[in-house]
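Alright, structures below, take your time with them.
In what follows, subunit A forms one complex with subunit B and a second complex with subunit C.
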Partner chain A sequence: MNGVELQRQKYAGMRTSLERLSLPFVVAVLLVLPAFSGTALLLQVTSVLIFVLFACSLNLLVGTAGMVSMGHAAFFAIGGYTAGICARDMGMSFPVAVALGVLASTAAALLVGSLSTRLSHAYFIMLTLAFGQLIHALIWKWRALTGGDDGFVGLQPPPPLQSVEAYYWFTLAACLLCVVILWRITVSPFGVTLAAVRDNPSRASAIGINVYRFRLAAFVMSGAFSGIAGILQAFFSRGMFPDAANFSTSANALVAILLGGSQYFFGPIVGGMIFVIARNLIAEVTPYWPLILGLMICLIAVYRPDGLLRLVRGKAPGVGHD
Partner chain B sequence: MLITLQIVSALVTAGILFMQAAGLTLIFGVSRVLNLAHGSLFMLALFMSYAVSMQVISGPAGFWIALLVVPLAMAAIGVVVEVLLFRRIYQASILVQVLLTIGIIYVVGDLVRLGWGLTSKSVPTPDLFGAPIQLMGIFIPAYYAFVLAVSAAVAALLWFIVQKTTWGLLIRAAAQDRTMSSALGVNPSLLFTSVFGLSMWLVGVAAVLYAPIGGASPGSDVESMIEAFAVVVIGGLGSIWGAIAAALMIGFIKAFGILVLPQYAMSFVFVLMAVILVIRPRGLFGAAE
Partner chain C sequence: MTEAILSVSALSHKFGRRTVIDDISLKVEKGEFRAIIGPNGAGKTTFFNLLTGALACRHGEITFRNSRISNLSAHERCRLGVGRTFQISNVFPNATVAQNIQIPLLARERRNWQLLSRACRMLRDEAEELAGMVGLSASMNKVASALPYGDRRRLELAIALAWRPALLLLDEPACGVSLQERPALMNLVRSIVRDRGMTAILVEHDMDIVFSMADRISVLHRGQLIAEDAPERILKNKEVQDVYLGGRHDG
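What follows is the complex of A and B.
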């Protein structure tokens, strides 16, 4: 259990002096922001918060459990669409709609996870991607329910949350709460066991850990938090478009995780902010921002993977590293 | 009548799918890297095939020159991409490997947008195959027969390479045990580069053959990636024979599924994938790890 203990210390030690100072600083900035900033910035920050929450929920799987899911956009979208449909079309109250959205994401994650977490990492990537795209296609084609490619529009948050500032406070509170819960999960015995499974599944299995069950649990939790991010997104943008479920949404979150470092709990938070800012800056200069972004991703992956992911030891069983 | 036509179209789909998936499975077999950009490179080859046969040489010879040039150009791209990028990430974590291929998806997708815009392009069937041919009492497009013949020839060629040549022996050895094969003196760099080139050549052939059937469209990258994944999941990752069997199954499911539920033909493939995963998790021909 020495390795597990070390792992736990590593996570406890993630609060380096820089992070210890920067976290309260960031929270303080977020708390005073509405007093100083205009509506446009507040909208931007709200959308960054939602993206960061999505990246953090994905990182429970990618960083802690070492499983690279390419299909989490699907759970993000299912949460948003379900809550949206419940609130707009079924006339349910906001809390009920939110609860059903989370429930739907969780159920979908359980279904996809039970099919995809049993096998090696290569299969896991292919299956999460394939089932994610299946859900994307279903949203696209089920026009009666989702509005298809016209989008699901005309969704309103409940009256107290309709102003930009109120929704900002709501998003900030929800994101902080979720991130704290995710952090607690990461440093809990459950999270430490997940890291042990990631680092050496055969050894974990030999000491009596049910590898499949832990992976599935991580997958479902991560899917549920992705669903919460999706719900926040749906009420924020007053609707949902099928693109939310597209694999590029998952890919963006993975890029954010890589930028910040998957082994730092705050990695996706920092990476998510860098990603959104970099994307917006490049997009202002050239319409061909995916080209620039893609080249940057390739260069980072090839030449600086250690600089950004110094602590990754997430070796993949069955995917070579022998 | 309809049945025969659907069988022929199923075989055509299977032939093209096989060539795509064989490349994916070959690369994974030797290097253990899952190339998520496989579909993007297929899309690039589709547009290159459009460019060669419609923009550069707009005559009846265009298709034939494309059939020769595009696969070779793709092989060259494959070699360059392997040497510049993939070679450096074989030992990296799986997240880094995935992200490199995501980066390539962005780059290729945007290059296609830059070069050919956002509209789909159609490529006409070569003049030689203008008239349908008669088979078992029904008429089928002559082009389909040609695609079938080429796919079968490519599959036979691949079988010959993998089973009968020294190169193929090294590919099989590396797929079985990379450490052992390099300990015995196999140059892994050369092997990986050549397999990447071969795999991209296959993608090129598949794309040139597919272009007159399905055209070149900007969204085809993800779509063809998912289809290639379905083939390797059902057939078993790393198995070429599994790829043949799975490509045939998917070809038939799509061709006949379209008759039942035209909008959701692809969903049947997903159902098959789920069933296979439950009853034979490593695919039909997948080896235990």
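What follows is the complex of A and C.
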């Protein structure tokens, strides 16, 4: 074995150790954070957690299933608004409101998915975008139910979750649970089959796989997890606003996925954190933060099209591995 | 008389206004090794696509094991026992050899809807057995796109065999494989088909392979079935000689 090969193996070993340590390190930091940080940082991290969950749920579709949805914010908003309306206007208990929020986003995903997942890439993108904007317009116009552009305000989480710290713990637990479930789905027989459908649908069909059903199931699951993120957002910000359903919300999650790398399970987690932190930092310096962020994305698209995780993880792994 | 496993009756197909399959009727008996030959553009791959459901069958009828399958989708036909390989190597490029074989095995066992169990160890023994059968034991953890072309053809064969098909459609399995590798690959195909008691339909341009393997040969020309007979009689058929084997060549 020559020197270069030995050096490469040494760095590969270091990289693997770094990877193994990074996840427990991040979780440990999140667990001890409330003991050392103020309210402002906890609020910031809570919003990052919710955004990361939304990006992870979208990546089940984009990364694993290979379908780019431009209207996923609709499910985020449907979950949030439904839970909010159930809790504030109908006086339902928090768990029931949450369950109905998830149910509504799942049902909406089933409806849109059954129409869109049969379509080819460009038509799929257009239909999801159209649906997202339709929901955005509906929220905007249906003032009596949603509050229109004034927003759906005055929503309160149940008393035990009303402090910033308590809601942080609740969001952390919910997000960790959802991310672990999403990871298990990715490495499960379902996830492996989904990646096979993404890579070669004609071959998948010839080996007895119902391509349409797998795509639809991925769409529905992704919509359901987006709904959970929307519900967390609604109770976190004490209300929902029409922008939650806007194209820009979907685009932000897509940018986070591209930043981290769609082929890595941790891509949207890393990308989501970088996106929110970079946005907030740049916004403090200049109001033209989208311009700087856009430039960053262009550079990554040109020089690191596989995402930033490619720098530390090497080439994206095969299906069902991360 | 042996039972027919596959019956095709008055099958036709058009691309736009061009007829590519024109009123084909044929029967394939159980355990038979049938070859389909014909010039380029004769409709051989289209015929395969119609048999497997990759193309919708609008005119004519296909019966497999006494069940009408013309109206079934590709994955439903696979579940009934119709397996295939493709003219151009068609595997899951980002998956390892093991995963490429595990995916159809999971589908066969109806375990690919499991959501929370890990796939990597599932049915691994059977996947290793199939990989060993096609000579890929040493490459189990290699990514399919990194395999040499000949090995990808072997992998494709293993994928097709995972469902234990009763009828195996082989679309130019030696296409792109070096002349040195061809005999070994085709001997492997022949032994697997015989050992497993499968029925096979082979599309192939290499006449040495066709005449050494086939029990019967069907000849297509411009979408029509112009001859069907034992290899030695096909060799002497004047029309077949004219359009394909000897004199005039079309396409």
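Here is the rule we use: the second predicted complex is superposed on the first by the 287 of 322 C-alpha atoms of A that agree within 3 Å, B and C clash if a C-alpha of one lies under 4 Å from a C-alpha of the other, contacts with A are read in each partner's own complex, and residues count from 1 in each chain.
The definition used in the following text is that contacts are C-beta pairs under 8 Å (C-beta built on N, C-alpha and C of every residue); 3 or more make two chains touch, one makes a residue touch a chain.
Source: prediction; values computed, not measured.
Enquirer: Between subunit B (first) and subunit C (second), which, if any, makes contact with A:V211: first, second, both or neither?
Expert: Only subunit C is touched by A:V211; subunit B is not.
Enquirer: Using the superposition on chain A described above, determine whether A:G294 touches subunit B (first), subunit C (second), both, or neither.
Expert: In the superposition, A:G294 touches subunit B alone.
Enquirer: Identify the partner contact of A:R203: answer first if only subunit B is touched, second if only subunit C is, both if each is, neither if none is.
Expert: second
Enquirer: With both complexes superposed on chain A, which partner does A:G191 reach: first (subunit B), second (subunit C), both or neither?
Expert: Touch status of A:G191: second partner only.
Enquirer: A:L155 in the overlay: touching subunit B, subunit C, both, or neither? Say first, second, both or neither.
Expert: So A:L155 meets neither subunit B nor subunit C here.
Enquirer: Touching A:A97, do we find subunit B (first), subunit C (second), both, or neither?
Expert: neither
Enquirer: Common interface residues of subunit A with subunit B and subunit C?
Expert: Looking at subunit A, the two contact sets intersect at 316, 318-321.
Enquirer: Give every residue of subunit A touching subunit C within the complex, in rising order.
Expert: 181, 184-185, 187-193, 195-196, 199-200, 202-211, 217, 316, 318-321
Enquirer: Give the list of subunit C residues in touch with subunit A in this complex.
Expert: 52-54, 73-75, 78-79, 83-84, 86, 90-96, 99, 102-104, 106-108, 111-120, 122, 143, 159-160, 162-163
Enquirer: Note which residues of subunit B are touching subunit A in the complex, please.
Expert: Those in contact with subunit A are residues 28, 31-34, 36, 84-85, 88-100, 102-111, 113-114, 178-179, 222, 225-226, 229-230, 232-233, 237, 263-264, 266-267, 270, 273-274, 277-278, 281-282, 289.
Enquirer: Considering the complex alone, what residue numbers of subunit A touch subunit B?
Expert: Of all residues in subunit A, those touching subunit B are 62, 66, 68, 70, 115, 118-123, 125-127, 129-131, 133-134, 137, 141, 246-247, 251, 254-255, 257-258, 262, 288, 290-291, 293-298, 300-303, 305, 309, 312-322.
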